[in-house]
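Each structure below appears as structure tokens.
Heads up, the next two complexes both have chain A, just with different partners, chain B and then chain C.
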Partner chain A sequence: MNSSARTLLARTGQYALALLLAVYSAFPIYYMIICSFREPAVFYTSRALLPTSFTLEYYRTLIRRTDFLLQFWNSIIVASATVIVTLVVSITMAYAISRFKIRGKKAIIGTMLYAYMFPPLLLAIPLTSIFAVLNLVDTLPSLVVAHFTMTLPLAVWFLWGFLKAMPFELEEAAMVDGCSRLGAFVRVILPLSLPGLATVAIFSFLLSWTDYTFGLVLLSSDGSKTLPVGLASLLAGIDMRWGEVMAGATLIVIPLFLMFAFCSRYFVAGMAAGAVKG
Partner chain B sequence: MAPVSIKGLKKRFGSLEVVKGIDIDIADGEFVVLVGPSGCGKSTLLRMLAGLENISDGEIRIGSKVVNDLPPKDRDIAMVFQNYALYPHMKVADNMGFSLKLKKMSKADIAPRVDRAADILGLRQLLDRYPRQLSGGQRQRVAMGRAIVRAPQVFLFDEPLSNLDAKLRVAMRAEIKALHQKLKTTTVYVTHDQIEAMTMADKIVVMRDGVVEQIGTPLELYDRPANLFVAGFIGSPSMNQIRGTVRGGAFETTGGVCLPLSGAPKTADGRVAIYGARPEHFMLSDDGLPAEVTVVEPTGSETHVMANLGTTPVVCVFRERIRAMPGDTIRIAPLPEAAHLFDADSGRAIRAA
Partner chain C sequence: MKPDATVRIFLLFGIAVTAVLIILPAIQAIVLSFQSVNSFVVAGEWAGLANYRRILGMPEFWRDLWTGTCYAVCTVALQVVLGIGSALILHAPIRGQALFRAIAILPYILPTVVVAISFQWMLDGNVGIVTHWLKALGISNFVWSDSSFAAFATVVGVSVWMWTPFVTICVLASLQTIPDELYAAARVDGAGPFQSFRHVTLPGIRDVLVVVVLLRGIWMFNKFDVIWLMTQGGPLGGTEHLPVLSYHMAFRLYDIGGGAAVATLSLILLTVALVVFFRRFPIET
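Entry: the complex of A and B
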């Protein structure tokens, strides 16, 4: 066998493997979308892998007869707030840790990683009692704070690696060129941190948007529920409304798709930078 | 352009003193090179001039203004860093115009100044590129362009050539010197490379362990080193340093070889001392001292010979091509009027008063 034929074979093998993996992860999503459009009459009986019928009934029910839109809005608010708070706090913390001599710097970074290893459920109970004392239970800010406790450690850890790899001379050059320290941070460090910030934004959003545990523990009234909790309550009733659940799940995925579509370029760059230089 | 004056300058990191009281006067338009081995405090001194390190004690003046407590941006200086420190997210033109933009200068005013600097440095074609699209030498030139666009009072260079390969380094060395001759801006240049210091400087400051060992023009330092450290640091190959005793106007090495001296002070007689002879100050001579050759290194223009003068190893540089082989004996004579004498304890030069 000559070498070009061997390359071709290797290529084909790689593509086949990639395709297999893609099908394996994408199939449940595909099937969920198919089901959300399948007519009620055949919902439980059809096993077809291709769309056989089309209806928007589940979407209509979901939007008209449940709190779906309100809960969608709640989720948007909580996730956006989590992303913004995480970005602002983590970049400033990471900058301080990477640039200044701080007593107990090692301890701060160590605790960060340790905090990240904590299972969320373990935090949920003490957090609930704290919020109870503060009269914050069943409010969206309490959920933002809870999500923030999960996102901050990893974000600081990640951005710290990112900033550490950025030469100090860049800021010094900016300061000699006429910036204050804050000016150098805003004009030089922030633009260069965009891939890192995009990565942090994506995973904070993902964590907050898909969180079920904290939502379930902290939120009780229908009006304040976020999407995952709200959707799950559709299954808790007397009749299992699988069609509506499929439709709701499909709608939940849309913002994630959009986010990845816009940020994946940065996301990949950020992951690579963190991995190699950090 | 402005003179710079440094008085009693000290820098402490905790209990560690890295700059131990330094006085240097730099005239308007002068090119001063700070040179010394790594850890001698030269870079710290430069960073204190730039305002990137706090001053523990002493005073720095740029022009007539004491700048001790001014932030870097208010010192009217420009700095070129070892790793260039170009802003990766800005094009070459924006890198060069950044400081002017921060001064709130209009785009119409910035462009001609950037263009002029680009012309001087031959960067005209590269203005639309990003730093990552440039070679090392081009990046270095952009870093210099960023400095000259501002027309500052003082240029600071922090080992700007050490990331370049040998050939480019020699070319850039000449370019920086030519640039200085054109712009006549006061320049402070840090390097650990004594050849860079010798070839570029109007005035060299040799530093070691946070103190100034000697200040002078390149040839002053070469011809009249104040102490053993400067004698050994300046010049390549290094000055031969031979231990022995001054006796009756001549020098007797510990190995018993007698070397000629001229004009040794009377007071030096009988003192234990170090005899310093530059490699090129050994002559081949039929009535010279016998030395056994150990290594011969022809460089083309000259020949480096390592030999044992009695038991003392010495390095000689001859302009002529010699046919000696290791093991041969050659006869060499040091030039007495070019010999240096240093006190064995303090390392200071012993000179006739």
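Entry: the complex of A and C
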């Protein structure tokens, strides 16, 4: 009896702690989302922790009065381009260094790891001066390049580990069967690398979608800003209104929640392998 | 295997892209740090070590180095403690475990802007819900951005909330590699929960912790966005660290050489820390 009472107590404690952790982790975002739907009349006075009223007014104002939709589109373009470029360059490079005897392999991997820990301003300052000379400041391609400098080292490092673990006989067998090296790469290696590529795609998207620093440095006009930069300038504006800011913040995280709900497996795999920087 | 033509093309392409987009800009930053430049479009003049001499003579530099070190140490220590705690909670066999784990990771995937907005809203001195709760507890007139210490503590708290899940996930993954037999053996030997944590769990996650502390330490030392968004380094420089100083010099004062010199000094400090760290904890291959 005594021991079963103790077990019960321990079980209850486990659930209580798990619940506490969940509330701690989710509350700030939950509260932000319910506030974004709260009626203007009670917006600044209500202390309720549950949704009490519902309005889409802030969302409407945000979309009509600001460049939010354009900035949403900019973010999608930049994040998609970053993902594609990262995938193409990282998988080919990781394939070459993981499966062949190459001189300077250690130097390449070492450089990637080192670039992984560069202070952001170490790249932001020279990139701005380079893009200024090329007349590319305040354009989306400049931001794609900046994001790529963050995603490539992580992607190569992650895929290097991923491809190393794959048996070598696979593409040899395909080549004995008459495939060229490129054919073996496309038909054998790429399909088998899909889980690794999914992880790389997810964290590249995440880094690009959430980046504030490079966007702040490289983008200046409202029409070319990405969401985080646009929202931050809304927050700093003189006519700043919390309701619209909350609505905008909610809309930024929705794609992330969707992605996370469907792909959390790849995400956790990438995080545990050090592929996600933050 | 020996590389053939296709593989060589893959490799050369990757190296060329890395060299042009990552290595060249880093070298350019170092070159800029030796120049006197006050515009992003006009070429600067060679200034030798003038920028470095100036920066090392600035009290702000030393203050920001200290603040940044404190920020990195405090945030990493708290993240490790809370991360291990969270991992133990999520490791216990409970119903709905997958959901609890997903919720616990959530803060990590959020954009920093969203986190900064959400906390600023909750902590707002007039209408924030936390301010309201504090009033109910009898603490009124608390404005987090008023004093250096409160602002620093707030930025640390927000950073810990946001980046702890990285530690949680890594520790959780390594907890799953500790065989149950070890715990059973410890129990047979009469170990209580605390002793089995001390003698079974901690040694089991040690290697992961070493890497996690290194990565988190470097990233927290480099973190720019959360501090810039919450305080811009204020009040009166109370939360200013090297990334903010570097940004401020290069993009606000257009002292581009100075900003680049601060970034280069940060890199040198990180490199030294990295070398010392790997001497102390060599990676086994």
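Throughout what follows, the second predicted complex is superposed on the first by the 246 of 278 C-alpha atoms of A that agree within 3 Å, B and C clash if a C-alpha of one lies under 4 Å from a C-alpha of the other, contacts with A are read in each partner's own complex, and residues count from 1 in each chain.
As a convention for this text, a residue touches a chain if its C-beta (ideal position, glycine included) is under 8 Å from a C-beta of that chain, and two chains touch if they have at least 3 such contacts.
Since this is a predicted model, take the numbers as computed values, not measurements.
Asker: Overlay done on chain A, so just call it for chain B and chain C: clash or fit.
Answerer: In the arrangement built by aligning on chain A, the partners chain C and chain B fit side by side.
Asker: Using the touch definition from the top, say if A:Gly178 reaches chain B (first), chain C (second), both or neither.
Answerer: Touch status of A:Gly178: first partner only.
Asker: Would you check which partner chain A:Ala96 touches, where first means chain B only, second means chain C only, and both and neither mean what they say?
Answerer: second
Asker: With both complexes overlaid on chain A, does A:Pro167 touch chain B (first), chain C (second), both or neither?
Answerer: After superposition on chain A, A:Pro167 lies in contact with chain B alone.
Asker: Would you check which partner chain A:Asp222 touches, where first means chain B only, second means chain C only, and both and neither mean what they say?
Answerer: After superposition on chain A, A:Asp222 lies in contact with neither partner.
Asker: Looking at chain A, does chain C or chain B touch more of its residues?
Answerer: Greater contact footprint in residues on chain A: C.
Asker: On the combined arrangement from the superposition, state the nearest Cα-Cα distance between chain B and chain C in Å.
Answerer: 8
Asker: Can you list the residues of chain A that meet both chain B and chain C?
Answerer: The answer is residues 180 of chain A.
Asker: Given the complex with chain C, which residues does chain A contribute to the contact?
Answerer: Residue positions touching the partner: 14-15, 17-18, 21-22, 24-26, 28-29, 31-32, 35, 44-45, 47, 89-90, 92-93, 95-97, 99-102, 108, 111-112, 115, 117-130, 132-133, 137, 145, 148-149, 152-153, 156, 168, 180-182, 185, 206, 209-210, 212-213, 216-217, 227-228, 231-232, 235, 242, 245-246, 249, 252-253, 256, 260-261, 264, 267-268, 271-272, 274, 276-278.
Asker: Which chain C residues qualify as touching chain A in the complex?
Answerer: 1-8, 10-11, 13-15, 17-18, 21-23, 25-26, 28-29, 32, 37, 40-41, 86, 89-90, 92, 94, 96, 100, 102-122, 126-127, 129, 132, 161, 163, 165-166, 169-170, 173, 211, 215, 218-219, 221-222, 224-225, 228-229, 242-243, 246-247, 250-251, 256, 259-260, 262-264, 266-267, 270, 274
Asker: Can you check the complex and tell me which residues of chain B touch chain A?
Answerer: 50-52, 71-73, 77-79, 81-83, 85-89, 98-99, 102-103, 146, 150
Asker: Which residues of chain A touch chain B in the complex?
Answerer: Chain A residues touching chain B: 167, 169-170, 172-180, 183, 188, 191-192.
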